[in-house]
C-alpha cells in the first residue's frame, strides 16, 4: 500500500475529471491518496488533506498533474521530504513531466510495481545578504535570475567564483542555472544545453553590453557571488532577484547574492523509454 | 555671424569650466550663443535664453557637450528645426559625438569656415493606439523597445510588416532600431550592425523563446505593426514601450504600435577624418 | 503563344513523367516548349533544343522544376536574358520555388493569362584580381563565400567598404550575401534575415576569432573589397572563393576580391497568395 | 638536482638567445637540461639529447618556450610520461603559458624551490573506426573537430551519447572540446566557456543548418559517437577529423568516431598569482 500525494494544476484540469479518474484508480489499487487541503475544499475531492508539511514524510511518491511549471513550483517542498515525482503532462511537451496525458495508467502500474528508476536533479540555493545580514533564502530547480526592474536598461554587477573575480558585466541581467534550467530561460539568452544528469552550474549574461561576454559553465562545487558595488548610476539601483520564476525580490546596490549547489535534490521517477535527447529533439526541432 | 545653440550635459561638465571656455571663444568669433534657460539660471552662464522652441529656427548649428546619450536626448527637438549637431564627447568614445574633448577648437574653426559636411540620419516614428485611438506618439534616433515589466518573464506579440503577418514571438521584448541604433541595444541583443549612412530598419527579438527567431532587416519604407492580441496569460498584460531609452509608456494587450520612418532627420556635422568604421573598431576591439 | 523554357533537375524527376505532363499541357495551350539539348537527347523529350544561349532571347518565361538550388544554378543565364522564372518545387519547401508540385496547373494558367507580378531580386558580381589583373568574374543570386581550404584553420583578411578600412578578421571565412542569400548560409553563420524585396548587402564572418565581430549590413551601392595582405602564416595561403556554392576558385594571399551589386537581376514570377514571411515561418518554425 | 626538458618553438626564439639564457641559469642551479636532438644539432645547443621518448621518464619538469600552441603540440608526449609543464609565453597572452617572457627567473626559482601546484587538465581520446576496425587514434588537450573538406558545404552526421541518439546535424562540422579547448575554436563557433578545473565535454556544431542546434555540455564520463550513415549526397563524402588542430585525417561516410575522456592528463605547473579569469578578462576584454 502506497501513500500518493496528488498535486494538481487546477487551471489545466478545471473540472478535476481527469484527476478524479486517476484518484479512483489509485484507490482501487489500495493506495492512500493525499491532496492539498485547498483543492479538496474547493472541489470536494475525496482524498486525505495535507494540512501541514510534516505529513509529507508519510508520502511514497507524488503525482504532479500539469506540466514542467507545476513541478518547478512544487520542487522545493518535495525535495525537502525526498519525495519522488511522477509528472503527468497536461499541456505542452515537457522536459520534466515525461508522461503524456493518455499514458497515465500503464505508467502508474509500473510505478506501483516498482519498475522505475529515480533520477536525481541538482538544485541551487540562493542567499541574499544586505550589509552582511541574510535577508532572504531560496531554493530552485531551474534558475536564479538577477535582472533590472522596468525602465532601468542596464544592470552592472561583478561576478566572483570561489572568491576569485570573474568579471564586471553591464547587462539586462544574468541567469544562474542548473542543468535542468539550462533548457529554460538560459536557452533563450543564448546559453548552452547542459545534459541533465550532470551536476554543473551555468552563468549566462542577458543582453550583455560587452560583445565578448559569454556563458561560463562551472562545476557544481563552485560558489558564485554577485555584488553591485561598482554600479555607477542611481537608476541601476532597481534590481530584482527571481528564483525559479516565482519569487521576485527587489534588492539594491548593497545586496550580495551567494548561489551554490543546494543540499536538496529533486527526485524524478523515470520509466524506461523516455529520455532527454528524445524530448530535446521534439522541443527544438532540428536537422 | 552664426547663432550657436549650446546643449550641455551638466553632469559631465559640472563646473561649466569647459563649456564657458567654448562659449567665450565662440563670442570672440562673433557668434551669438544660445542656451537652455534652466542652465543659464543655475549657472549664471552668460548666454541667450532659449525660452521657447520657436526660437530654435534662428539657430545655425548646435554644439552638444556630453556624449551620444546627450545627442539622442536632444535629437527630436533639433530635428524638428533642422539644426545640424556637432557633438563633443566628454566621456566614453561615441558613435555620434565624434569630436574628442581636446579637439574642440580646431574643429569649431572648421565649422565656422564651412569646412564640413552634413550627414543625415534616419529617425523612426512610433505611434501607440488603443482601440484605434492614438494615445501616444514619439520620435527616435536609436530605437523603440517593447518589453515586459518586471516579474512578467515573457511578452507575446505579433509582428506585421506592411500588413503582412511576419510571426508571433514569445520573448523578453523586441527592439526596432535605425542604423544609428543598431550599435546600441540591438547589438547587445545579438542584432547586426547597419552601416549608418543607410536607411533601413532592423527588428531584433530580445531573448526569444523560439531559437529560430532572428533579426530581420527591413527597408526604410516598410511599416511595422505590433499587436498583442494572442497573449494568453494575464501577466503578459504588463508591457512597456520605451522610445530612445527615455520615455517608458505602460501599455496593455489592447495596444497596437505602428513604427515607421519619420519625416524628421537628424543632421550630424561631419568633419573630415572621422569615420564610422574607425569608431567601430575602437569600440568593439577586434582582430 | 508563349515560348517557355523548361529547366529540369533530372535527379528530382528522374523519369521525366512529371515534366512531360507539364510539357504536354503547355503544348495544348499553344506554347512552344524549349529545353536544354542534353536533356532532350537523354530522355527523348519532345521539345525544342536550346543549342546556343542566344536563343534565350526568344523565351517568354522559364519554368524551373527542382528547388531553390536549381534556380540558383540557372540564375545568371536567365538574368542575362531577362527571363522571368517560375519555380516549381519538387523537394523541400523553398524560398524561391514557391509553387508546390501539385499546384502547377492552376498557377501556370494564371501565368499564361498574365495574372502575375515580377519580383526582381538583386544579384552580386564578384571579381577576383591578382596583381591588379582580373582573373575571374562571377555573378550570384545568393552569396560569395571566402573560406579556408581544409587543414588551414583560420583565414586572415581585411575588409574595405568604398575604400574605407572596416576591419581585419581572423575567421573560418566570410559570407557576402544578397537579401535572397541571407536565408541560406548566412543564417547558419548567425547572420540576420534581410527582407527579400530590399537591395542590401550583408557581410557575415564565419566563426570569427574575435568575439566582437558581427554581421554588417551595407547599402546595395557599397563596394566591398577583400584583401589578404596581412596574413601572417604560410598556411593561410590556401584560400577559396565560392560563388553561389557552385564554383570554387582557389586563390592565394595576392588576390583581391571586389564584390558589388550586379547590373543583372533575377526575375521571379510571383503569383498572388505566396509570400516570404509565410515561407519563413514554415521553414524556421517559431513561436 | 632536477632534470629539466626544454621544448623550444624556434620560430619564436630564432637565435636561441633567450633559451640559452634560461639553460645557463638552470645549469648554474645544478639542473641537467635536456633538449630535442634536432634542436641541439641545428643550433649547437649545449644540452643533453632526447633521442628516444623512453628517456622522458627521467624528466622532472618541462619548460615550454613558445605559447599555447607549443604546449598543445607537446601535450600528448608529456602527458604519457606525466611530466609537469611550465609554459613561458613568447607571443600573445596565453591561457596555458602563464609566465610572461620577462618573469622567467623569479618563476623558475619558485619551481626549483617546490613553491608551485600542479593543475591537471582533462584530455580527450578520439578513435576512428571503419567497418568496425580501428584505423586511427589520437589524444588531445583542446579539441577534436570533424569538418567538411573544401567545396563540400555541409556535413551530415548523427551524434550519440552513451549510445543514446542525440540528433542528426547538417553543418560545416562539429567541435568536441575539453574545458581547456573551450576557449579556443569552440568559442569562435559560439560555444560556452568551461571553467578549466572541471572535467566536462562540450559539443558545438559549426554553422549548423538548423537554427535550433546548440552547444551541449556533457559529463566527462559520457562517450560520444559520431556516424555519417544518413548522409544523402555524394559530396558529403569528403570529411576530415582534426585532433588539436594538428593531424588532419580524411575519412568517409563509413567512418565512426568515438570520443571520450583520455586516461592521460596534462599537468600544468601553477605558480601563485596567475588565474584563469584574470587571463580571460585580458583576452576577451569586457566591461
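Before moving on, here are some points about what is shown:
As written, the chains take the letters A, B, C and D, and residue 1 is the first residue of each chain.
Following the convention adopted for this analysis, a contact is a pair of C-beta atoms (placed from the backbone, for glycine too) under 8 Å apart; a residue touches a chain by one contact, two chains touch by 3 or more.
As the structure is a prediction and not an experimental result, all values here were calculated from the model.
For the pair chain B and chain C, the fraction of shared interface numbers is greater than half, so the two copies use mostly the same residues to meet. Set against the Cα centre of chain A, the chain with the most distant centre is C. One finds 37 Å separating the Cα centroids of chain B and chain C. Measuring from the averaged C-alpha position of chain C to that of chain D gives a distance of 40 Å. Touching two or more other chains at once are residues 187, 190, 209, 211-212, 214, 284-285 of chain C. Interface residues of chain A, counted against chain D in their complex, comprise 161, 164-170, 182, 187, 190-195, 197-198, 200, 202, 209-210, 212-219, 222, 275, 277-278, 280-281, 284-287.
Of all residues in chain D, those touching chain B in their complex are 211-212, 214, 285. Chain B makes touch with chain A in their complex at residues 147-151, 153, 171-172, 185, 187-190, 206-209, 211-212, 240, 242, 245, 248, 284-285.
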